[in-house]
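There are structures below to look over.
Shared between the two complexes below is subunit A, which pairs with subunit B and subunit C, respectively.
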Partner chain A sequence: MPTEVTVQNLYIFNSGLSKTEEDGANKILFYYPPHEDENKKVLNIGHIEAIICFTRNFNSTESCESLRTDKTLQVLYNPEPDFWMVITVSAACKSKSKSPESPDEPVYCTYNLQEPIYLAVLKHWYQTFQMTVGNMTKIMNDNDPDYLRLMLNKFYNKYLLSVDLSSHTFMDMFQGISFLPLDNVIHLYAQSFLNSIENTFQQVNFTMLLYNDSLVWSGLSKRQTQLVYSYILMWVLPEMVRDENIVKGNSLQQCLPNQLVGRFISNVWAVKTDDWSCDLGKVPVILLNDENDETFKSYRLVIYKAHKSIVCMFIETDYPLTAELYNNLDQFLGTKLHLLSEKMKITVEKALASKLYAERPAKFVYFNSMNLAIKNSIKTSNTIATTNKPSDFNISPESLRVLVDISYQHSCIQPTCSIMIKTSNDNWVAGRLCNSREIYIVLNQKLTKLNDVDTEIQNLCAQELGTIFFYD
Partner chain B sequence: MISSEEYSENMEEAQETDISILVSDVNNIAIEESEVNKSISENKPLPSSSEQSNSYENLFDQLKGHNKHIFVLSTAGKPIYTRFGNENQLASLFGLMLALMSVTQDSNDTLQSICCGRTRIVFVNKDPIILVGVSQRSEPYDQIKKQLIYVYNNIISTLTLTQLKKIFLNRTNFDLRRLMSGSERLIDKLITFTENDPGFLLDSISCLQMPSNSRDKITQTILTECSKIKNLVFGLLIAQKHIISIVRMKKYSLQVSDIHLILNLINSTESFKTAESWTPICLPTFDSSGYMHAHISYLAEDCQACLVLLTIDHDLFFTLSEAKRKITEKMRRNDCLQAINDAIIRQPLSLARANILGLRHLLYKIKNRSQHWCPPFTLPYNTDTLQQNLMSVYCSLISQMNFPGRNLKVIYQQLTSETIVAWATDEVELYMCFEPMVSKECATNAVTKLTQWMKKEEDSLFIFNIPMF
Partner chain C sequence: MASNNCCLQLNEDPIQFDPASVSKTTNVFYDEITEQIITVHSGEMTEIIVTSSTRCRENIVFKIEDRGPVSSIKMSLDCNILTMMRTTLSVELMDIKDNTLQSPYFLYCKLKSAKLLGFIWTSNNEILLISDKGVELYQIEGQRPKQRIVFSKSVCLHVNWFIYSNNSKILLLSTNSFGDFQPLHITSGNITKLAKLEVDLDISPNIPHQSISERNIVLTTVYNILRILVLPTSQSRNEIIVYSLNKMMAFKKSHILRLTHNGKLLINVVDSLIVVHYQHTKSSSVFDIYMEAAKEHTISHYLPILDDLSIQRIVPREGGSYFSSDLYSHICISFQPNVIIDAKLGFLWHLKLDLAVVSQIITDKCSLIDFLLLRPNSKDTTLQVLQNMILQEKSNLIEIGNVFDHINIVNKKNLNKHIMNTSVLPIDYMIFAESLRCKVVIEQIDVYKHIFVKLVDQLEKNKGVISEKKLAVSILVEYIRSLTDNKITVEHFLYELLINCLVINKMYYQLHQMIQYHILTDSKPLACLLLSLESIYPPAHQMALDMLHRLNTAHEEITEVLLSKKQIIPAMRYMSKHNMLDHSTYRKLTELAISTNDSKILHSTREEFIQRNVTSNKFNTNTKR
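Right, the complex of A and B next:
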């Protein structure tokens, strides 16, 4: 039976902001839906505070993670001391034959809602907020709670509008990075190209290179890369496709008449933006934390595109952005990036052409938590989708939920393990974890013997993941 | 505080008290409770968190040390039962639980559970009482919930639901502990049972292993006597934790959870061994509204099997006593007592006899009969801790198999110290524990081989004949 998931509310609060019982509303920093009754907002938050306080009696070291009622699942995340993010989701079963007595009363199936998915979403959103706006405690101390409210509103309203939370499934738990498979020579070539940018332009602290939606190289740490990558995928790439056609009238184009091969991508959505002249458009300001001393430094993110590749350049805010810098960058990057991109295109196509295997009735997700690389056949990347047609079966919601169960077990119980599960529709769902590498497989085959399933999985691994070793 | 000895004495008294006395007791109690609880339930939870948690601190440091808590309170916030500690000292905690429940109820919803790291808190609202379970070992929610239902059933079994509702209808502030004195000990034992017994995990009973012809002879003997008695509904013959035989009246059947309650009552009450007893008991799954009357007695000095005869007629004591005497006599004549004794003393069937490579232990459940077989633990599971670990592995496996909305058929999982396989067909559920490095082929073969072997052994391990009269 299909399940319809709805987001009831999403709120962020800080208990420290309310001193008396009358000013309970002060605790609220962000609340969705905004038109909710004020008293209801305060009551909901009060309820969650009571739950948090109650659970401390039994566990004072870990923070409260979730709360279930007959109709809802509430997931809590405590990113900074006293700051809580809470999301409430409900699930109704869409049954074809409604019960005759109460046709309007939905049948709830909250057991189909899984905490890890929503916890992953909350964490990812918080980290993105931290990267694009900053640390909540710091913002509140440097300014005032109202300023933080404003920032949170800008950020979350935009995210809630653009993301369909109810459709989140297994795949959204990883926020993995899809790497472009390249041979060594091209890879070194790309790397030296990025190094030469950083060397030539003192202002550029870090660089990152993408080909379509795959990452080629990043000079950032893996967490930073993960966040910037997902930001680019979410806000830059879709925008780019949209204004590819209206490039001609771009004011940036007029300021920089020499842009022939490549172009700068500006006016990308961000909470904090910066410019030196409105003619050149705004660039996002991104906060990256220093891995060593936990402090945040802000950088301007300048994005340049040529052919199918984009270069992201992080420029310290101390350096001004000038038309001269833009022109120099354009001249330096344009042709080189275009050539590199064409080279990459050739190798990618060659690799894909040689990789025409027999289609297997199987789907897989591979995730390496060491470098956050993800490879999968569930959500296909643009680069690969062009030549490889996806398998012709869809993973059932049940199988996806079993995958979440497996991955949750992985994360909290076993350092190394292997699991195979046969579901009610006779699909096999398998998961393996070894050396921080995880692989999840769904087989749409009627197999009865465990060893046949195992052989099938091994063949798949050999075909798709080649040399990566998996403990058996 | 009453000492534990007094508890057990009180318990015996309570068991032998007629309902009429209980009822009159309820009516005689004067209204003297303060209004404290009302104020708790009216206060919406706006915790001035720091103050509250400070006052709790010392008390709850003790509570954190235990793995599993069970709390029972009335919907008016009166404490009824706590597994550890003293209810009176926990009043503020009970108040908070009630407040959490009632806030959720205000929005037409019911609080189910809270997750906090490894801590799981589960709420069950069975108006007029609320049960709360806290586990510190990330146990599955459904298992904790089932434990709470068992505790609830135990309370019903001593009071009946009708009476429980009536008590709280007349006096919302009633202190139920007045009527429960003595049954706390039964609840303690029941919780321990739910933590250790595979029957609880599998919703099934375990049968005493004996040749099927002996079992048939015993069942037949009981049946012949029972069928003569009007209003007798069920007859059970029990040896410790195992069932030897069941007979029942036409159209009625005994549910597993009710059998578990009876088993717990018998195994927790020493006095049944010395004298035949006549006890009112409510079987919540069978009929939560009224009492049945149980004639409980051990067959003979030289045969420690307990015969339980359940009737709806409270005047039947002497008839049942006579029937029991005849059953024992007849059983002695046709060597049934000897057969029972043999079965009790006999080494339980070992899994080693099946001779399956790599298989260490298993749970085997026949679905439609709700009966299971759990062979004795052998090496490497030779200590209590290791056995308990294995049981919690089974527990999470069983819960995973039966999770609502999933309906899984097979789970094969390699863990660090064992490989486990769950295998469900329409007839049986199998939970097997293998050596960690067992091959998949070997595991698949083990299922086939075991199924064949069980076909030969199942006659003595399970009760296939539950006759009606």
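Right, the complex of A and C next:
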């Protein structure tokens, strides 16, 4: 049964901002939809605040994460002390002929909504905000709540506009990174190339290399890489595809006429951008936290593309960006990146060719929480420069929901486990957790014996993930 | 002291001998084969002094009655016979016994009315006479004193002059003055004619033909191959043409050295470098014929790798004082390979190369490394250059990478040579010689000991500058990249150092990516190192297990790792899959199962063994407790 998910509201508040009953609206930092009645906003927040207080009686260490009603699911996230993010979603079943008597009356199926997905989305949005704008408490203390409101508005409006929340499924829970399968020789070339950038241009603190939408190398830490990677997938790659369709000749091109082989990607969306020179486009400013001392440092993110690869360069904001630096970078990067990218293309295509004949009826998703590597049986995402939308992942919504349930189970119990579930349409959905790795499999086969299912899973693991040690 | 800025130096303790300037009756002879200086003081009693330039023996002094002027004098190779030539008809031989000369006996040219040009000792008991009519080889048979000279072989042809190389036993005869040569290969008791050689000096046709004299030809060994260097005449182009003896035993034009100055030249060879001394400009140039050069009609054209060098000499005076002057006086003569003699002052020097100075002169690091790797005994200097680049100067990474490539190409060639050596196949000698081009091989252990260990030490000492820390990792990765590029197996200690370096820099995610992309080749020691990192980087545990799994030979280790994590059931499953469950393991498993205090695990363990029918008293008592 198709389900239509709608976001009823999304709000961020800080209870500490309102002291009395009268100034209840002060605690609102962000509210979607914006044209909601003021009283309704305060009422909704008050309602949630009450729930938070009430549930504290039962568990003083962990706060309430979700609230389920007949028509809605509310997911709560408490990223910083006193700051709360709340999302309210509802689901209506698109029934065709089930209730002919009352066609206007929607049939709710909130049971199809799953908390882990929305919690993951809230967390990811918050972390992206933290990376692109900063810590909420700090922004509020350094400036004033109004400034924070402005920033939150800029950020969440853009995200809510460009993201279809109903399309969020199982895959969004991981925020995994798809690594490009390369042999060690080519990978060493890539590393050597990136090292030489950092060595030649002292301004460049970190580098990251992507081929299409796959990561080749990141000089950042794990968490930073995850956030920057998803940011690039979300805002840079689609922009780039669109950019290539427009006739060339923007201001950046006029300023730097020598960009023959590669080009800089400019005017990428970000809350904070840097107008260091109006002719050369805007450069996003990104905050990366130093894991040793929890401080945030801001960097300009300069992106350069040649062939199918893009290099992300993180330049400390102390260094000025000049047309001269851009020209030097262009001269240094252009040909080298192009050649490297061509080499990568050859190896990737070779790997693909060898994989093609080994098509299996099973679909799988592999995720390693240790390095955030994600792998799925849909190989096309490596060759076409699009974000891997779940629609590509050709699994029925029912199976996806089962997968979410399995995954949620996993996080609660032992470090190793294996679950196999037979769905109503005689398919098998299985999940394995082992040594911080998760593998989810959907078998479109009519198997009767549990043992056969297990063998099929074993075979798949051996074939696709032979270099990994599984135990059960 | 030798001047510091010149890489070509004369040795500080020259050989001294009675100079020719003492009197008009004194003559000095130098023999390239035995490396002896023989001074002849003619007079009523002729005094002959033999000085060894290698200081392998004391001076020997003989006194004989005067029988006319000596035009050539040599010792036999074993220094048992003194040989001299006074006329163009015969050679005079005198045995040496107890440091005194025995009565002479004579060897005459067999060819009718031949004028003797000279003689050569080609081995301990073989002497070659060269006359204008041909070449004759004689053997000395029998033990002294009852020896006799036996004629063994002769070759008849017109000879202008000759030149001989003792290393290759090649005699080069000038058959006319237009540049035609006949090389002969002298083997024991035999003379073989090699292909004739025509030297063309590329002279424009309207200039009358210039004769090539003895002074224009140098026969010398460069890089273990015999070469003929043809020096320019006054009309020809200002270049030296090099002919090399190829594996078909024929001389072929191979290199051209472009000279930078005109005038009279002297040639030396030092460490397979051709050194050209220009007397006119009082300077020297150095050529290396194995470096890369521009090609013209398949022949490489070389410019000097080092130019405008000035060699100083220090001459001790009586009374302990010294005076220094340049070397390039017209009295100096050069001999092969690296001997310079001043007959007037009575000194013999050996020319030598100071690599440390060279490494300061050649600024392009790749050329410098190529140059150094071709020199013998240059390992220390090469490593010093690398140290300077990496530890002191902080050269840019691309340059460092290129230098690593140059080092590793040689390294790979050397490794291939070892493979060839161990194979049973007959080795083509010349191919072998070709691969031996480079004298010095910088192996992984050398770079590790002299560069990387110090680099990491530096890293640990000055904690702070992040860019420097990252550079250390970059350099290591660059070296591994270069090794992998040249298909050389990377040694474990480099991986270990790289991991340590990454850990110092807290670049854990980078380490993870490197393991993921198999930049670090799997091995048990590496897996153990990763296991030890678990406390500071928990995912290392997973990486280590994967690595052990990929090795496919580490079943025991995997079991141990699982058991150390109290993963008893997984461990047991794994063991049963690999047939590792037997009497020796059940006790250990059971003890571990008891220590978990988990009755389910204990039960499963017991059941497993009961099903396998592995029971014993010990087992039962343990479980009943």
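Rule of thumb we're sticking to: the second predicted complex is superposed on the first by the 447 of 472 C-alpha atoms of A that agree within 3 Å, B and C clash if a C-alpha of one lies under 4 Å from a C-alpha of the other, contacts with A are read in each partner's own complex, and residues count from 1 in each chain.
Throughout what follows, contacts are C-beta pairs under 8 Å (C-beta built on N, C-alpha and C of every residue); 3 or more make two chains touch, one makes a residue touch a chain.
All figures in this text were calculated on a predicted structure; none of them were measured in a lab.
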Fit or clash - subunit C, subunit B, common subunit A: fit
Which superposed partner A:188 touches (first subunit B, second subunit C, both, neither): second
Which of subunit B and subunit C A:15 touches, first, second, both or neither: first
First (subunit B), second (subunit C), both or neither touched by A:51: first
Subunit B versus subunit C as contact partner of A:218, first or second or both or neither: second
Which superposed partner A:316 touches (first subunit B, second subunit C, both, neither): neither
Partner chain in contact with A:419 - subunit B first, subunit C second, else both or neither: first
Which superposed partner A:449 touches (first subunit B, second subunit C, both, neither): first
First (subunit B), second (subunit C), both or neither touched by A:65: first
When both partners are placed on the shared chain, which of subunit B and subunit C touches more of subunit A: B
Vertex subunit A, arms to subunit B and subunit C (CA centres, degrees, nearest 10): 130
Lowest inter-chain C-alpha distance for subunit C and subunit B in the superposed arrangement, angstrom: 5
Contact residues common to both interfaces of subunit A (with subunit B and with subunit C): 416
Residue ranges of subunit C in contact with subunit A within the complex: 396-398, 401, 466-467, 470-471, 473-474, 477-478, 480-481, 484-485, 506-510, 512-513, 516-519, 538-539, 541-543, 545-546, 548-550, 558, 562, 567, 570-571, 573-574
Subunit C-touching residues of subunit A, taken from the complex the two chains share: 179, 182-185, 187-189, 191-192, 195-196, 198-200, 202, 205, 217-222, 225, 291-292, 368, 370-371, 373, 416, 435-437, 467-469, 471-472
Residue ranges of subunit A touching subunit B (in the complex, touch as defined): 15, 21, 24, 43, 46-47, 49-72, 109-112, 115, 398, 401-402, 405, 412, 414-424, 426, 449-451, 453-454
Interfacial residue positions of subunit B with respect to subunit A in the complex: 44-47, 49, 52-53, 56, 60, 63-64, 69, 93, 96-97, 99-100, 103-104, 109-119, 121, 134, 136, 138, 141, 400, 403-416, 421, 439-441, 443-444
